[in-house]
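In order of appearance the chains are A, B and C, and numbering begins at 1 in each one.
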Amino acid sequence: MNHDINVKKTRLNCFRQSKVPGEFMLQMRVPGGMVDAKYLENVKHIAKTWGDGNFHFGTRQTFDIAGIKYENIPAVNEYLEQYIKEVSTELCDVDMNTVAHEPQPWDPKSGYPTIGARNITACIGNYHCICGNINTFELARKIEPLIFPSHYHIKINISGCPNDCNKAHMCDFGIIGVSKMTYHAERCIGCGACVRACEHGATRVLSLNEGIAKVDKDPCCCVGCGECVKACPTSAWTRSEKPLYRVILGGRTGRQTPRTGKMFLNWASEDVIIGVLKNWQKFSAWVMDYKPEYLHGGHLIDRAGYKKFKEIILEGVELNPECLVAEDMFWHETEYRSNINVKPIEQHHTAGPQA
Amino acid sequence: MGYTLNTAQANQVLAALRKDYTVYAPKRFRNQGRYSATDVIRYDEVERWEDIVWDVKSDYPAKEVLTPIQQAIFYFTEDEYRESKGPKKPILVLARPCDINAQHVQAKIYAGNGGYTDLYYERMRELVKFAMMECNGGDDTCFCVSMGTNKTDDYSLALKFSEDGVQVQVTDDAFAPYFEGQPEADYTPAFVEENELKVTLPDLEDKEVRKALKNHPMWKEYDARCISCGSCTVACSTCTCFTTRDIIYGDNPEVGERRRVTSSCQIAGFDQMAGQREFRSTAGDRMRYKVLHKFHDYKARFEDSHMCVGCGRCTHRCPELISISATLNKVSAAVDEIKAGQAKQ
Amino acid sequence: MMNPVQPKPCTILDVHKESAHEWTFRVETDAKVSHGQFMQLSIPKIGECPISVSAQGDGWLEFTIRNVGKVTNVIFEKTAGDTLFLRGPYGKGWPVDQFQGKHVVVITGGTGLAPVRSMLNCFASQPDMVKSVHLISGFKNEEGIVFHKELEAWKEKFSTIYALDNDTKEGWRTGMVTAFVKEIPWDSFEGNYAVVVVGPPPMMKFTGLELLKNGVDAEKIWMSFERKMSCAVGKCGHCRIDETYVCLDGPVFPYTVARDLVD
């Protein structure tokens, strides 16, 4: 088959090139991995009408439909109008007529305008899970308009609790729902259930104080998971009224320098999370001097250096009193390729304003 | 005497009552539930009428007012145990009939068992009067009608809550002055006549049947399911068990207090003596012990009622979703099986 | 209002080491105690535990304590002149009235000798009370032997069998107490006897079965139980077995009751 297709362009449109020339796979955004089940009808319609009839769960919780012929992309995009309008515009309050917060008119029949900001993934969170500390997909829906549409790449994973089933440690900007516990000593019967739960399932920060038959806590290493609350038969441990968040920065998979992320913020409020992510476009633009490349957020932090990242990303953000910020960042890559942590900033591809 | 009050008027009465009584009622504690974004409803002093939770059952029972999870019973120095002082102010507890009936069960143990009356229970009980909250039917874990604890006449006030306010019946003249000038309207409380859940109690009269039941394999199910956390007995309206503990004050090890702290037959170590093994070492053993106490042993000793008011809180609070009514059905099935076996012999 | 759980300070008069782990404390008190009853011992900041009265005299009581728990560990730091706190006595003791004029057989395991010690001393000093006393006392090993002086003295007054579980000792037998039950001259009692069994739960269980095997009437056997307690007055629930409270209805039970109690 003789094709002449600009696959870079189809990629920006969220159609991924197939090994079968002329075929593509659509990736539909599902912010936080949760939408009304009625949209499965749309997925089915696309797959049966233009795709190969199958459906794949995207690794970033997108609805993936493979086997779409290049010539059918306009028809698929036209069909997508309603889904994008309902999910992106109405559910998540996304302004489709912008890119990276700058005005840019969008043709509603043209499908997704950018691929940069990847679908925000989330575990089911406290919508269902007994471990979850936060409503993960509601947070995803609040973040979606901050990062999409944009050509700047970022992968955000949201986990409802420090068990991190959704691998916040393995993406550019991982968010983990945590809580600061309150100990109501007057309700404690000294049974030790929380101590055992923390020993078994968390960071061993609790111990039974025999002298007073109460529980002592080493707050330093508490990860804020809430296992003590779950275990307590008397509600002597309770979660903080408002949930808090931990941000794990710069994790990634990849051929060259995979690494787990490192803690950037701890005990951050939702306002702080939103404030920081509002600055993401500005930070990315600074690193790449307003010329987006196909490069993920963690690499941008490497280019800028953590100190510069921190300076830009925290601009105008008012930290809640409990919030802790990493003073420095000591990356820990698997060294298939390079020692990014000791690579001089000037030796990185580019960083900052270019001549 | 009866009254119908709107919320503002109810607040006036509450304010007047609070001058002479400490008023306890179920209150909502936001986000303090076992799971995130869930609440806990438990007893606490109320200052505003709107804080009273009346439309759903509290997670924890009214017994927490009379027999707190923790209380100081003595203060000690090296050469003296000095009795703690109890509250002086009378107490008004808003409670549903199940919770009020549960106090009659607790009293049998605290005030009378073995000829000893517990000072700490008695001094609280003497201060307490009940305002009976007409029950709106509870939830699907309730079986008060099966236990005969749906009705009570042990109350000074009866209250029927609604969105707009409250209907009140005053049965104790001492409370009449607080309602002076409020709009009068007849109200007679109603009691729940039927629960969605009906429980048939197993027949445990026969000693040989009980003996066989104690060794029945049905209890093994709980070895795998029950985590021995004690949530059921803490939430139980009637359970009384406690442990005493001496605790020392931080920087002066010679001074401290002897505390009474709620304990649970479901938690490992309840029957363990120093240096010895437990008698009931499995969750199944502990479940058997609890169920037989509730539905045979208590009544065998005190005669008039079982040690369960059917409030369903044990089921409601169990993190492993063990239902007391389902457990009783399993006991009944085991008893039928045992009896059939005996008949054959 | 009377507070049944109020501890009263008492002075320790003497501390006597029975063995490495079992010491007897003589405490000044005028509490009137029946043989087999127990008291609640308190030490401020450590707590409280039930201990059976192992001997009594004019103005004093003795408690023989094994240091296995946190309360007893601290009691072992006390010496004459120090203060202990007491309340009680509690529970039902041995039905000594019913033992009068009978052949009394006492079978003990280890420190189980403590709750019968005061009764045995009473029988020793008033030989007319009972027709005879047969005592089988077993201990795990030589280190576990308590009341050396009394054991010697009782040899003169009672018919005794002393035994170590596995070890040998001059003048002592080797084996479990159950092995010696058949040596008691049951037939000579002509039905006029009472049997007292105290020791660890398995020892009491197997001794009960051995007694039945030897034709002993179940209704003539008594046992003393030891259970965890916080209050000793029927409130805390720790010692309850079925509808029975060990603190109120025990610690001494007729075997016909004891054998049916399932913890």
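Basically, a residue touches a chain if its C-beta (ideal position, glycine included) is under 8 Å from a C-beta of that chain, and two chains touch if they have at least 3 such contacts.
Given the structure is predicted, the values throughout are model-derived calculations rather than measurements.
Averaging Cα atoms per chain gives one point for each, and the point farthest from that of chain B is the centre of A.
Chain B has the Cα centre that lies closest to the mean of all protein Cα atoms in view. By C-beta pair count, the most extensively touching chains are B-C. Distance between chain centres (mean CA atoms), chain A to chain C: 69 Å.
The mean-CA centres of chain A and chain B are about 46 angstrom from one another, to the nearest whole unit.
Centroid to centroid, with C-alpha atoms defining each point, chain B and chain C lie 38 Å apart.
Touching two or more other chains at once are residues 70 of chain C. Shown for chain B are the residues in touch with two or more other chains, namely 245, 247-248, 263. Here chain B touches chain C in the complex through residues 73-74, 76-81, 83, 109-110, 113-114, 116-119, 121-123, 207, 211, 214, 240-248, 253-254, 256, 258, 263, 265, 270-276, 279-280, 285, 289, 292-293, 296-298, 300-301, going by the rule given at the top. By the touch criterion stated above, chain C contacts chain B in their complex at residues 1-7, 9, 42-49, 66, 68-72, 83, 85, 201, 226-228, 230-231, 233-238, 240, 242-243, 245, 247-248, 260, 262-263. Those residues of chain A lying in contact with chain B across their complex are 126, 130, 132-135, 177, 179, 186-191, 193, 211-214, 226, 229-235, 238-241, 243. Interface residues of chain B facing chain A in the complex, by the touch rule stated above, are 29-37, 40, 42, 59-60, 68-70, 229-231, 234, 245, 247-248, 259, 261-264, 267, 317, 319.
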